[in-house]
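Naming follows writing order (A, B and C), and every chain is counted from residue 1.
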Amino acid sequence: MKENTEVLKTLGDSILEYIKRKPAVPGAIAVTVVIAIIIGIAGGPAQVVNAIVAGGMWALLATGLTMILGVMNVPNFFHGESFMVGAYTAYFIFTPIHLYLMDNPNKFLSTIAPFAGFFAAAVIGFILGSILEKLVFYPLRSKTKERWVMNSFLLTVGVSYILSNGVNLVLGPNFRGIPRYWDVPPIKFFTIRLTVDRLFAFFLAMVVLLLLWYFMGKTRTGRAIRAVSQDEAGAAMVGININNIHTLTFSLGTSMAAIAGAALLFMFQAYPTVGLRPLYYAWYVVMLVGLGNVSAAVVGGFIVAFLQTATQQFFGIEWGEVVPTVVMMIVLIVAPSGIFGSEVKGIQEQ
Amino acid sequence: MLKVENVDSGYDFLQVLWGINIEINRGEFVALIGPNGAGKTTTLRTISGLLKPKGGRIFFKDELISNLPPYEITHSGLSYVSEDLNLFVNMPVYENLLMGAYIIKDEKKIKQTMEYIYELFPRLAERKKQLAGTLSGGERKMLAIARGMMSNPEMLLVDEPSLGLAPYLVRNVFDALKTLHGEGLTILLVEQNVNATLDITDRAYIIEQGKIVLSGKSKDLARNEHVQNVYLGI
Amino acid sequence: MIKSTGKASTIARTLMSRTGFSSSGIILIAILAVLPFIPPFNSEYILRWLVVGAFMAAQAVAFDLTAGFINVVNFGFAAILGVGAYTSAILANTGPHIIVQPGISPWIGIFIGAFASAFLGFILGFLTLRLRGLYAAIMAWFVGIALLGLARTLTPLTRGSLGMSPPSFFDTPSNMPYYYLALGMMITIYIVTKLVTTSHIGLAFKALGQNFDAARASGINPTFYRVFNFTLSCFFAGLLGGFYAHYFVSMTPKAIMHTSKSVETLAIAFIGGRGFLWGGIVVAFPFVFLLEYLRSALPQLPGIHIIIYGVLMILVMIYYPNGVAGFITELKKKLWRLRKPEKT
């Protein structure tokens, strides 16, 4: 009996201690829940569902971004272009199949056709990431590590402009989109109508994040990635090929952004600068929760989605950039390394 | 087993090592001793591949390793326990050990080694799930050595394991090293704790200002005038 | 008499070196000053490129004050420049399209605009004060995006995406006076920046840029120096924004304030060589010429100039992180050594 109260007391103490140490964490979650409830009351439950769906995507994007940042210390500014490449890939794979199916209806093929697009986007994203890592970041890394964070950041800025303008040059500025992936009526859920595309985009984001979580936590290679992010010299000492891990991480992050681009093609048509908004939101999430903090990025995706929905609900879409920036300013003044704290060494030093 | 031949090494524009020669046979327990800043750590970093030598060659098991990246040197059976330990601070103890066994694919073998390590360092067994970053100084040293052993190396390089430890913990660490040596492991130990080191090692090299100035049997060195004057304070 | 001329020349020389004018610098300025009279540069078409060159060069110097010294890449630079442009444009307005018609002369408005930008820079400096390099860069980017959003949203003042057509500085179609105005601004900005960075303030900037914590520990007050740096750099940006407004006499939020505009400035400053100030000036003119030429020669390849910016920036960052200015400096040193072999 006495022991039980003792345990409860220590538990309570440690929770209090945690809240004292990081008061922002429960605060942020509480604020998000409150925002969600307010959105639900003001805009109806459909708005809440939409925010959750968007949150899944921002989480996916931000996770890729923060992984690259955490493992390689590269602040990636062309994450949006990876998104764009995914969108184009899905478009060019899915559209011909779709046209063929219009002439030759086949229910089974129609159901799985979108997957071809997603898969192709994942693969192309992965390949793009590997090529860029080997072509751009590997040479920089082997030249000098001085001012690495800023220099690599500027390289990604260069890559970003090359990619978007290169695509503009080759494919032109036109929008390429699809009305929907699955031509089926929306799912009704009490008063909420949810298209299958939306539902699936969310589902896909969650599956990818779960796979990633398993990969990072339970596999030898995933552990190696975490090891490199925590101590590069230590990782080399236990026999990890750092260069390979860097390439792999970069490719995975790029691939995740490409998957997001593919999954959202029905919402964001493919065009050369389609990546701007996803880039903004991904960075927003990462800054808000703390650089390199992978698990926090998932939570952050949802926080930002609610913030975004609330902004549109109460201020109007044209304030979509102003209000979040003000919120970010306040957050960073209170917690300069994000709500959940940064896990990246090297960033702080520069 | 390890042959360091005329090695020059250093950092960017600063040369630290000048023509270092070290030779270690299989099963030997050898010490590298010298004052602060003499280049002991630099020597180990160069052998383990974290620094590229500016001149000279290094052989391990008769194969040239001085042109290999560090991870390949680990693969060849040489394990390095560094001065700053380089633990994975956000991983629990057991994951650090798993990482130590990164180059081993055989799960059963990993499990066996881990059990052996837990026997050798019962303290670590008690703290399996604790994050490495929250361990005490002595426990971290133990973990670093244990992690170095997880790859079943043929040779271990250890950099100042006694630094900053209470005397009884130093004895623990030295005992562990002695046990490992007794089981056939070749060890190169860097130390400033000269007395105790000359006591447990077979041979020793004395390094001063980047050069090997003396070498020989530990017993003999302990009686050497220079060593007694400078290191033993007799 | 001799003594006093000696003194005067010493003073002149110190001033020259403090303001960073080497003899080659003076020659460069002299060439730039007479260029508009030499064919083919005297055609209005090419003169326009020269104006853009001076404008970009001045931007690069102002940008480098922050990026090259306190090591914070101000991704909101273009947006802050836009604030200066919009302020001056709104103040000069007499037409019915927006709600206020102050009709203030551009010559006054440009300074008010510069102070508006400086004020924003002051705020930005405070906001990013506790943030390290990367956070500060991203935060500046967010602020830039928000400012662009504001320029689009505040349609009663800015006409939003429709853009504004502010009056021009001079009552002439010629580019000539604008060229000298831009050149004068460039030289002024360079001299002021150089004076600041070669004083003890510049040392503090560099110390903060290299190692924030060490600098603070050694008694440098980061608040003052960072905020001062941002304020000054943004003041120049605002001034240049005013120039933009009353030279191009047509502006939209996207055309001035977009992140890609900051990146163009960044590219010139970094290819020129960060922390050198004059690198951007040396690079800006040939660059503007090359890119304007490409743009007009290859209209079928839109955006090719940005791709070239990107590729060059990447190559410079990897293989020559000190840029053109670093290269020239090193070359000079080598030549110097050749001329004066070491005594043995």
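To be clear about the criterion, contacts are C-beta pairs under 8 Å (C-beta built on N, C-alpha and C of every residue); 3 or more make two chains touch, one makes a residue touch a chain.
Just so we're clear, the structure is a prediction, and the values are computed from it rather than from any experiment.
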item	value
Category of the chain touch graph - line, ring, star, complete, other	line
Chain pair with the greatest number of C-beta contact pairs	A-C
Whole-Å gap separating subunit A and subunit C, where each centre is the average of the chain's CA atoms	34
Rounded Å distance, subunit A centre to subunit B centre (Cα mean)	42
Between subunit B and subunit C, centroid-to-centroid distance (C-alpha), Å	54
Complex contacts: residues of subunit B adjacent to subunit A	48-50, 69-71, 74-75, 79-80, 82, 84-91, 95, 98-100, 102-103, 147-148, 150-151
Residues of subunit A that touch subunit B when the two form their complex	220, 223-224, 226-227, 230-231, 233-242, 343
Subunit A residues touching subunit C - in the complex, by the definition given at the top	75, 136, 139-140, 143-144, 146-147, 149-151, 153-155, 157-162, 165-166, 168-169, 173, 280, 283-284, 287, 291, 318-322, 324-326, 328-329, 332-333, 336-337, 347-350
Contacting residues of subunit C [partner subunit A, same complex]	71, 73, 127, 130-135, 137-139, 141-143, 145-146, 148-150, 152-153, 211, 260, 263, 266-267, 270, 301-304, 306-307, 309-311, 313-314, 317-319, 321
